[in-house]
Amino acid sequence: MPANAFPTSVEYFRALPEIVLTLAGVLIMFLEAVLRDDQKKIFGFLTIVGLGAALGAAISAGGDPGGAFHNMLVVDGFATFFRVLVIGVGLLAVFASIEYLERERANTGEYYALILFSIVGQSIMVTANELIMVFIGLEISSIASYVLAGYLRDDARNNESALKYFLLGSFATAFLLYGVAWIYGLTGSTNLFQIRQSLASPGAPPVVLTGMAAALMLVGFGFKVSAAPFQVWAPDVYQGAPAPVSGFLSVGPKAAAFGILVRVFMTAFGPIAARWEPIVWVVALATMIVGNFAALQQSNIKRMLAYSSIAHAGYVLVAVAANSEVGSAAVMFYLAAYALTNFGAFAVVTHIARKGEKRVGIDDFAGLAQRQPAMAAMLTIFLLSLIGVPLTGGFFGKFYIFKAALDSNLVWLTVLGLLNSAVAAYYYLRILVVMYMREPAKLGEASTEALAEASVPAGAALQFAVYASAVGTLLLGIFPGWVLDAANRAALK
Amino acid sequence: MDALLFMIFAAVAVVCGVNLVLQTHPISSALSLVGVMAALAALYLLLGGEFIAAAQLVVYAGAIMVLFIFVIMLLNAGTERKIHKASWAKYAGVPLLVAFLGLVALLVQRIAPPSENVVFGEFRKGTAQEIGRALFTTYLLPFEVTSVLILIAILGAIVLARKEID
Amino acid sequence: MPPLPIPAAAPLSWYLMLSAVLFTLGVAGFLFRRNIITVFMSIELMLNAVNLSFITFSYQLKQVDGHIFSFFVMVVAAAEAAVGLAIILTVFKNRQTLEIDELNSLKN
Amino acid sequence: MTLLDAVIFLPLLGFFALLIAPASVSRLGALAISLLVFVASLGLIGKVTGAADGYTFVNSTPWITYPPIRYHVGLDGLSLWLLILTTLLTPIAVLVSWKHIDHRVKAFYAFLILLEFGLIGVFVSLDLFLFYVFWEVSLVPMYFLIGIWGHDRRIYATVKFFLYTFAGSVLMLGAIIYLYNLAGTFDYTGILEQLRSGRIMLSDRAEMVMFLAFFLAFAIKVPLFPLHTWLPDAHVEAPTAGSIMLASVMLKMGTYGLVRFCLPLFPQAAHTSAPWIAALAIVGIIYGALVAMVQPNMKKLVAYSSVSHLGFVVLGVFSFTQAGLDGAVYQMLNHGISTGALFLLVGYLYERRHSLEISAYGGVATPAPNLSAVFLITTLASIGLPALNNFVGEYLVLQGASQAHFSWVVFAAVGVILSACYMLWLYQRAFFGRASESLSHHMPDLSGREWAAVLPLLILMFWMGVYSQSFMPAISAQNAQILGQTNRTAVASRHPVVKEVANAR
Amino acid sequence: MQLWLIPLLPLAGFALNGLFGRRLSKTAVNMIACGSVLLSFLWVLKTLSSLGVFSGGNALEEAYREHYFTWIRSGLLNIGVDFAIDRLTAIMLMIVTGVGFLIHVYGVGYMAHEGGYARFFAYLNLFMFFMLILVLGANFLLLFVGWEGVGLCSYLLIGFYFLEKFATDAANKAFIVNRIGDFGFSLAVFLIVIHFGTLDFATVFDKVKGMPVESSAGWMTAIALLLLLGACGKSAQIPLYVWLPDAMAGPTPVSALIHAATMVTAGVYMVARSSQIFLHAAGALNVVALVGLATAFFAATIGLTQNDIKKVYAYSTVSQLGYMFLGLGTGAFSAGIFHVMTHAFFKALLFLGAGSVIHACSGEQDLRKMGGLRKYTPITMWTLACATLAISGFPGLSGAASKDLILEAAYDHAPWMYWVGVFTAGMTAFYVTRAFCLTFFGEYRGEAQSPHGHGAHDDHGHGTPHESPAVMWLPLAILAVLSLVGGHIDIPKFLDPMFPLNEGGAAWLEYVATAAGLGGIALAFFFYVVVPSIPESLARTFSGPYRWLYNKYFVDELYDSLVVSPTVDGSRSLLWRTMDAGGIDGLVNGTGKTARAIGAMLRRLQSGSIRSYAAWVVLGSILMIIFAGFAGGAK
């Protein structure tokens, strides 16, 4: 029975971001009930304010690191970095969604509330220091995600996507839980530090068993980060879900999942690294290959981006396999760069898709360079970043990852990863080709309103999301210092 | 005595579980699941988990399963139709399961000292007040956070099912 | 009459084995059942199996934490049930079917 | 902030300026910018040639704190002339595209200037990371130049081009990172110093692996047989300006990389693998020439001839002799001038006749005597007629190679014969004979603009052929250094420089 | 001493005519073209006299040299643009500028009605420039510059009528065959640098002097043979002589200047120049002799049967060049050079005369269509007669003097060579006389009305043959005089310091040779004037050999089927279509296809069925557990 039965103010302060977000979510739900429809325009603004406040809270909370609530959660540089990341992603998501929701005539309140709550879940995940917290955070973010994926409930694609996500997600979570149970049984604790201690202690349980248990947990996490062979859900879900949601899912929850994956495996399971490093090695390779090669022949851009996001998960796993301080820093930086880039791409897709997401075929981007040069240019930046061309964040991300890998002498993994990125170039280039080098054949005989619809300029908010992502991508590519130093300082020792 | 009880309830649980898998009509599956849960509740009791046993009955059997059955009724889901969709799960399923079970069994063999027996009443931490104390001190935060979880569940349910309800 | 050839008390391993069997049964249900709701129930079964493990370990370790954990699992299960069933409802509304194999419009 | 920095970043500024400015002024704007850069770059010559060796205009400012990446640029005899070549050819490319490019003009010139930025950067970077950045950056605009303004199969060609080179360079990136992990710096000079002082040791195997990683990237760019198949497609499909920049400058990135990085950084591996590489180069020389001989398409012909010519360069580099290396570097410039001119003239023909098939021509000499005269001079230059530029380079390369292995030149020199065959045959078919009515109709002689574009190249052909001393000393000095670094670790027995000295006595 | 003026004057002429010629009047062009050459001829005279050549004595026994600037420097290799002049060069200078000037003048008349007038003279001047570089250059590379340069000009001038395919084909052939020779030359250059570290004549030859004569084949022999290969290309020796006969496609003055008088003797000059190397490589020298003899003989046999007047003279040129090589090969370098000079006189004369005849017959070149021209073109006939006698070795004339020296040397070297040479001399006499007779005796066999002359490129067609204008026959006259008396310029004595002459052999050698010559003349006269029916009957009786000779031993066809077409077809079908497009590129594209195939396979695993996805998860978890539990730590 610890002395301070009642939490101190500093502990609340350390949990402030989650509190702020929750309050914002609750407020919106409340207003949803009371406000008239024409007044509901403010939700977007409200959400942004809430997220902004949470962002501030997260940063300031990062000011004095430490545990809180009986070390249920720990606020360190690592946690802060990811908190900021997921909240930032949330901001982008909101900006990108406003126009979309209007276009689809979906009611806004719940949507923003869900976004907020899922961010609560993610930020709990990344701050969690206790498998229970991990589990609950994971569930919060997941359940919110399930709902978001099926948000347009009259859209068959949404339903299917939601159902698949939900069923498989819960299925995988069950494995995760089973693993947790075993770990608990083996180490007698669910606290990450204590797990580490007991694993490192001389009387440690047989490594075979802990390794198996860790493997079971890896199943759960691997599912969340869409690592092969658990990536199967991702393409279907991202393709079916609303475009902005797909963007959000492909970065936010994934980043959080990676955060907790790294934390659990590098800290708690550090002592048995020899057990899981080879697994991650194999998984990373498989993930890269599956993602890149399957993406080669996609005709639906959302699905293609889904595969590409799988591939990128593979790259991050390379850094995880490195299992070093540099590695965790690389993971952080890469996720930051990837988040901006990938979400930006999805934002552009959101815009091009138009009502009912009819225009998500790669051919629908034909001649985009003439119709909407700005959007095309931005998408070009994102794609180049995804390819990993210098002066973009994606390049530096890859660079640091492979640097980490080589630091840990993962030479072959590095070589194969580099070759993979060469393969990946092919399908990204296809989009560039279509945008710049093909005349819009389909629009040629299409009706005038189709043409008009095709060249509707993006709304202010969406444009902001796109440009912000683009600027971020370039900044991370040209002056990566500020993020990278943060990542290095926050890296798990 | 304990052993006998264990065997009985374990048998019930397994039989119901198998039944769940074999039945083609959701209702019967649901009922067998209730059976499993009841049996498990008894086993919890054997393990000294008074509170959990109760919760098991109330929350699971009482609430969740009712919800399930309600939905099944609502959609008046009938027995599964035989549609021949060749999914490799159908063929690879059994070997996979056997392999999985084998591995876990191995795990069990290695982990738990067969010597240690479960003696009813030996474990006294499972009482309501013990759990309550833990919940409101050590596990305060998770407990609070769960509220968000519930909230989001409600929200989600409303979002998705509103039309059907109002 | 001679005593039955059974030990006085069941060893822990039996409980764990039971949970393993139940978990596997849950997986089996997921793999073989074609009705979405049944599949969902199989997941619940898996969660129950996990709970059993928690409780057992908790007994072994003489700790309450396992119970807490399984308690949270129940809560989560409840939440999941609510959302999951809602999702199933929408699916049914759109497709008029609960056949899991008919939900594969998104693929490749 | 040196003059060099100005030369580097002016194109970048120009790029943005062109993006902002209305399309109507793009042509003039691009011309002005490129000319400005050219004039500025001329200012660099004096100081560099003045310095005996080492780098001038060095600017080393931190770019990224960790890992320590510096914006470290500098010029020496090796990079100077390649830089000048770039800045010279860009305005020419602009002039060539004046009429030829009629749609999406703004983007075209923007990309062209951006390309110049990348190319300049490649030649001046002294930080491996910076080098790689520029290396890739130069790839993107070329990708668009070919893909948007190219001919019919442009997309296939440009994707092929991008993937080929990208695939090569990613492995180089791996090697660069590996070097960094060893040396703790990306600074070229720093790494070199550590290698020399033995502060970092490479096992033979590691050295060979990294050498190959670098070499592959460069060999693809060169392109060295059998990695050349992207070149003909890229050239045929590219617009004239693209072909010019590609052939004259981009290919030199590869050979430059070989000289600048492969040799000094991995001398042992370079020496070990030299025979194989030389063999490939020789095969490329003869093979390229033979295949060029039977091409029905002018651009393809010139493209394959490039394969052949650059084989000479590689041969010279891997002869590890002063003469060979000097010749190789000089040959880079020569090839830039003469092949650039060839593509330019082929472009002129294309603008007139809208065909690249040789059979579509014949008898051009009658309606367009000046054009054919210029073409003839260029042809003669590219087949290495004495008193024209290529001769000096080819002679030195072969001389050097002969000092390394006489048997090499016995084969390599066959390429000289063959070059005469395919070029003269091309000239005969395209320019001699009686001109058809339609042809002489659409074959006006050179216009003032066209003269302006081609004249500098002509002058250089003669200048570089007759008075190589204006260029050679700077190159020689630098090469001597590189050779020193390369041959230090090489076994004395197969140490060509020693042999050369012996012969001198 | 401004040696550089000598080549630069023609270059200036070239520049002026080349750039502005099309805008200048004909007279202006003439002035520039001939003037520049005349000036450089005069400058040669002035230079030589100021060097005291004409005042006899031991002038120029030491080469006089001027250094202008460094051309190529790399490491220890340093090649300057230096001109040097010694006795050998002096002679060549005289020949080149002198004969060159005469031919320029002749060209004024011959080309009077041609298109591309300025172009013609520009090329001619450019040729003079390179030829003078060739003879003045003081190192191998500079020699090579002139060497390639004259090759270029010959290419341009052979292809002068570039509308005609045969002309441009001949031009390409000439250039490429020469390239094959240059291949050898350049390899020799590389070897020289390897072994001497320099290319400067003086230095190299000094070093060679110090070395022992190479009895067995060593690198010195290699150098010599490679040089010989180069010489064979330029001087049309077996096996590379094939280009010269085709080269007659060019205007006749070109044939006279480049393909008879000057350029083709460059090979001889080069071998003589590097005599030291050859003298130190005995084997190589012997090869030179053999090549020369063979060439002389076979070319002569071919010459017997040709009907195109220029072809006849072309083969005679080849054959005469063979003589020169024979001279060189037998160590009589001075004799060889001597023959170069005399040959320049009479062969230039022969060609110019032929040109005049062709001109007279308005473009007809076939001997069978001529005849009886003696009444129309007396001057041409007499001048040609001089030339014919000279080449046939008529006693006292220029040809005899040089040829006998060569034959004597051959006898010293190996008697059988002498006999072959003598026989060849007889044949030579025969076929030149034959040409002469067919041209001037009998009746005119050409059709009276030829639409227009000089093939397609002449606008003054007219019926009966006519004498050429003075501007054309004056050079003829001068050359006639030279070929009569040229033999009395004692070149061997002049060259003695450079090439010590082994004292002449027995007198009978001369008589035999002369007899052979006269015999040839007589026989030809008998065949083609007295009893014109004999040749046909002979050709009929010996139809086999005749066809062989008439078709030049089918050598062109042989080369074509053995070398040219295999290369071209092989490159097209095998290298390009099969290897490049099919093999390498196929591999590249194949990689892409494979990748896409893998992609398609992976896509199909994404069946969309939830249960199979779940199965994946289970499978994955099983694998992971196994890996972690048992294969773990296997890193």
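Per-chain residue numbering starts at 1, and chain names A, B, C, D and E are given in the order in which the chains are listed.
In the analysis below, contacts are C-beta pairs under 8 Å (C-beta built on N, C-alpha and C of every residue); 3 or more make two chains touch, one makes a residue touch a chain.
If you're wondering where the values come from, they're calculated on a predicted model, not measured in any experiment.
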From subunit B, count the fewest steps through touching chains until subunit D is reached. 2
Which neighbours does subunit B have in common with subunit C? A, E
Grouping of chains that still touch (sans subunit E): one piece
Chain whose Cα mean lies nearest the overall Cα mean: D
Top contact pair of chains, counted by C-beta pairs? B-C
Name the chain whose C-alpha centroid is farthest from the C-alpha centroid of subunit B. E
Between subunit C and subunit E, what is the separation of their C-alpha centroids in Å? 98
Averaged-CA centre spacing for the pair subunit C and subunit A, given as whole angstrom: 28
Distance from the mean Cα position of subunit D to that of subunit A, given in whole angstrom: 43
Per the C-alpha means, the centres of subunit D and subunit E lie apart by a whole-Å value of 36
Residue numbers in subunit B touching 2 or more other chains? 85, 87, 89-90, 93, 96-97, 100, 103, 107, 111, 139, 142, 146, 149, 152-153, 156, 159-160, 163
Check each residue of subunit E and list the ones that touch at least two other chains. 592, 603, 606-612, 614-615, 618-619, 621, 625, 629
For subunit D, write out the residues touching at least two other chains, lowest number first. 163
Those chain pairs that satisfy the touch definition: A-B, A-C, A-D, A-E, B-C, B-E, C-E, D-E
Note: in the complex, subunit B contacts subunit E through residues 85, 87-90, 92-93, 96-97, 99-100, 103, 106
Parts of subunit C lying in touch with subunit E, wherever the complex brings them together: 27, 30-32, 34, 39, 100-101, 103-108
Quick check: in the complex, which residue numbers of subunit D touch subunit A? 64-67, 132-134, 136-137, 139-140, 143-144, 147-148, 154-155, 158-159, 162-163, 166-167, 170-171, 173-174, 177-178, 180-181
Subunit B residues touching subunit A in their complex are 103, 107, 110-111, 133, 137-142, 145-146, 148-149, 151-153, 155-156, 158-160, 163
Given the complex, residues on subunit A that touch subunit C span 131-132, 135-136, 139, 143, 146-147, 150, 153-154, 156-157, 159-164, 166-167, 170-171, 174, 177-178, 180-182, 184-185, 188-190, 235-236, 239-240
